[in-house]
Amino acid sequence: MTSIIFLGPRGSFSEAALHELQDSQGADLVPGGSVAQALAALRRGDADRALVPIENSIEGSVATTLDGLSVGEPLVIVAEQVIPVSFTLMAPAGIGMGEIRTIGTHPHASAQCSDWVRTNLPQASVIPLTSTSAAAAALAEAGAGFEAAIAPRIAADIYGLNILADDIGDNHEAWTRFVLLARAGYLPAPSGADKTTLTLFMRADHPGALMEILTEFSVRGVNLTRIESRPTRKALGDYFFSLDCEGHVSDARVGEALAGLHRICADVRFLGSYPRHDGRQPLVREGVTDVDFRDAEQWLRSIRGDG
Amino acid sequence: MTSIIFLGPRGSFSEAALHELQDSQGADLVPGGSVAQALAALRRGDADRALVPIENSIEGSVATTLDGLSVGEPLVIVAEQVIPVSFTLMAPAGIGMGEIRTIGTHPHASAQCSDWVRTNLPQASVIPLTSTSAAAAALAEAGAGFEAAIAPRIAADIYGLNILADDIGDNHEAWTRFVLLARAGYLPAPSGADKTTLTLFMRADHPGALMEILTEFSVRGVNLTRIESRPTRKALGDYFFSLDCEGHVSDARVGEALAGLHRICADVRFLGSYPRHDGRQPLVREGVTDVDFRDAEQWLRSIRGDG
Amino acid sequence: MTSIIFLGPRGSFSEAALHELQDSQGADLVPGGSVAQALAALRRGDADRALVPIENSIEGSVATTLDGLSVGEPLVIVAEQVIPVSFTLMAPAGIGMGEIRTIGTHPHASAQCSDWVRTNLPQASVIPLTSTSAAAAALAEAGAGFEAAIAPRIAADIYGLNILADDIGDNHEAWTRFVLLARAGYLPAPSGADKTTLTLFMRADHPGALMEILTEFSVRGVNLTRIESRPTRKALGDYFFSLDCEGHVSDARVGEALAGLHRICADVRFLGSYPRHDGRQPLVREGVTDVDFRDAEQWLRSIRGDG
Amino acid sequence: MTSIIFLGPRGSFSEAALHELQDSQGADLVPGGSVAQALAALRRGDADRALVPIENSIEGSVATTLDGLSVGEPLVIVAEQVIPVSFTLMAPAGIGMGEIRTIGTHPHASAQCSDWVRTNLPQASVIPLTSTSAAAAALAEAGAGFEAAIAPRIAADIYGLNILADDIGDNHEAWTRFVLLARAGYLPAPSGADKTTLTLFMRADHPGALMEILTEFSVRGVNLTRIESRPTRKALGDYFFSLDCEGHVSDARVGEALAGLHRICADVRFLGSYPRHDGRQPLVREGVTDVDFRDAEQWLRSIRGDG
């Protein structure tokens, strides 16, 4: 049986994302204590897959995930899942809105629900915890020190809590993107609507390095969907690039672009080709389809006389 | 007297950064509850300046700052300060290492000091708080519920605590970059070693948009030092770019690049030109100095016959 | 009265082109012995304008014109005219097809009429002359040494010859482009459908020089309609570029592109902005109209605080 | 025995160039009447090679050669030769400077020797002929109608004429580049200092087409040494590009660039890879050597899982 470690504890947004993924069906789901621990367990072989958040519409990229993937034994993304960040107020049986004096939750969650709390529970104070689901878990035990938790809806089921109010976040369009990881070597088949994720380490901080990188993509009609420069852990002012592009490494245009990057970068870390969560197929311009590449290759062989 | 609101409470890394900035001398320093509150106070005119974190070597960009600057009344960066992220273990007089059973601090800080704590205080448990300085503040009062705090060194002074151990973070090269903000309209004079920060909203998500942006810089010899695509709050898949480039808006090459961006972007938000914290002067290639621009302008006037 | 020197002798294609140009009405038309002599006369002030060929659909660019404009006192193109290269067989009164044994003409013309001559005058031999119109002129005198000439139709009128056959060239789509030149300083008003001609001397033969040049145009949405690298007279392997672009130097996008070229080239020679012979208006993409430039300039002044 | 047709008649600059080429040793050298006839003879198989001029430092590209290679059965350049354009005054035995009243030569040659003739033979008139060597040939027969010829030095040997004055051209740095052609299929082995010649037909006259072409070269570190837009014979305003780049089609970087061009152009005509006449080796930047391409290809196979 496949085992998948996810960013726990039980009842986290990561677990909620995992339930949406087909790959999780029939798998053994194991909560991990942190992103770093989940990646380590996967690298050691203690799990077959790991599911961690990588990008959040409000907080931006999850730096520990991006950085954790950029060093150490190579891992690859094999699937992605985007879920809305929706907060639920939950409490043990017998506790109603009137009984709530303190609420346990993660500081980010309390920040994102502050309007609702101010309006609906003006007297309540908030106790910060290491995660939203830890708050729900604590409530299920005696002596939590607070009467209610703000946590993902899934945590109410898991910890046997009652839902007092649903979708109480201030921003109803917030979302988090999660990725399912495997050890390098596994490559999902092209789906026709794929994305490829890369980490690029530059040879030196020379002006124009970013233009060179982008040209390797654009000359072959490969579009980027995300890019960010990230400081390396080594020193101030030393950067690498983390990016997503459309297409699958088995596409001719993507493969040639990656080979081009390999030639001009100090290092290229391939972080996987996988189906896009939204199924949107890329617009492939004239001249860069697999057929165009095959025709050009054949023509080249003919003029080289080795056709 | 100038008033500066900073990300509090008192004793925070923001306050430590502020002490390093010349602009803070003789100013009235006011702690703010959050980045959003600091920006709002500045926009309302309740403060003359605001100091907030914008980038962290470990966590990456501070999304609330980037996003808070991207909407609302325009603000500009007028100075930047980078300080090492160094953690200190502190406790009230009379408490030694042997007495510590629980430590109050922010979850990020406990994560970054976990090696030291595991080795030196293996029995201690950690209580999460909304900030490191809030932990120090609580210790100064009776009934904090913990014996020690992990906080910036400056907090020990402010709250009259003893330092038990210094620089206990696992990563001794971690740093945070802070920016001093003003309402739009104030522009620091060029120092010869400046940076300019921009937010660019694209007209539509067309392939090649990023190449077009970068070309406006590169054709005028302006180097980027940071770039990231950021989802807008509106909808999934809708991005804007946040970036820093070398030079001052009053430099001819930077000004012409900004005008070029203004023409091709849906919106360009100018977030300030200000001295680099490291004083590194840009290498300006032949053909893009202010003198080169002036000569070319003069030549153009002569061939247009309006010389 | 305006005097215009053209590439003679009388009856040449240059004179035919001149008759099509509005600028020639009422002017004193003076035949010149060569392109170099026409340019020299204009530079000395012996003429107010010069009309010479610059490009031919069959022979390509007229090197003596391109090179003659690239050195010496600056001249500018103020108009262009394209005319079909159409050849006419002509002879003095009393000479019919049956009497023709030898034909005088320029070697290029005989090459371009060889099919017709082989078919219609198989026994005739061709005598090479320095120009087609010189052949017609010689026929008008006694003792030309040949019975007929292949020359532009206009030469028959001028020299009182009969037309025996019209449009006898093998290629009925051949054309020549002529330019009307003035001394630098005169600039035709923008017509809305203009072209600008330049000669660019590079600083050194570095890879990527051509890309840099083209980027100065493309980043400002200026399209090229002709480009060629030309060896300088100095040494083998030393090149300059001769090119035409769409638009008028008074257009903001063209002016800024020219200023950009001035900064990166060893020398830029402005060879004029003038109405296109075909009146085709350029497609100006969003972001590079004069209004866009003015708006961007105004915005830049506002953020620089000198608005 | 190999037969080579060259642009005649005997004693032409083409023949002089041919004598410099190793490929001509022991070959049967056949004069052709024109560039078009030489290409046609090669295409028909009446000759194994053809030698024709392609570029002249004074006149620019030889349009009939460029255009003749761009259509019809494919031919390829297999060698190039550059020779100085040096003119010699020659006459039959018994004729001295004092006897010369008329000089036979090609109009281009008389133009290029006009200073010398005006100074040294002020009374002499010039009779235009179809080529310089035709003038020398005529002198060797009775009744040429002129006493001396201006022709390449080699013509004096061939036609048994005396040399009266050598190197009489006004420009002592003029040169002509000749190319040796074969039917497509023959490819010279890489010499380490090669050039590749191409004709590119564009899909449509869209702005940016030239940038796209140049990017295919520059992204792979391939430098151009010549480029010109040429009108197609079809219609006014319809252009193709003729260009030379450094390197051999068997070089990985050149091959990939050509395949890229094949994908974006309506047609790419490969006109050969051949040793440069000057033996100058290209500077190949880091990342585009054959080894770099091989390494990248291997890495790509490994991440695709078909290594």
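The chains carry the letters A, B, C and D, assigned in the order they are written, with residues numbered from 1 in each.
To be clear about the criterion, a contact is a pair of C-beta atoms (placed from the backbone, for glycine too) under 8 Å apart; a residue touches a chain by one contact, two chains touch by 3 or more.
All of these numbers come straight from a predicted model, not from anything done at the bench.
Counting hops only between chains that touch, subunit A reaches subunit C in a minimum of 2. Both subunit B and subunit C are touched by no common chain.
Between the CA-based centres of subunit C and subunit D the separation comes to 25 Å, rounded to the whole angstrom. Per-chain CA centroids place subunit B at a distance of 62 Å from subunit D.
Looking at subunit B, residues 215, 218 sit in touch with two or more other chains. If you draw each protein chain as a dot and join the dots that touch, you get one closed loop, with every dot joined to exactly two others. All chain pairs in contact, by the document's touch criterion: A-B, A-D, B-C, C-D.
Those residues of subunit B lying in contact with subunit A across their complex are 34, 55-61, 63-64, 66-67, 82, 107, 111, 128-130, 171, 173, 175, 207-208, 210-211, 214-215, 218, 221, 223-231, 233-237, 239, 278, 283, 285. Contact residues of subunit D toward subunit A in the complex are 184-185, 187, 203, 215-216, 218-220, 249-250, 255-256, 258-260, 262-264, 268, 270, 286-288, 292-293, 295-297, 299-300, 303-305.
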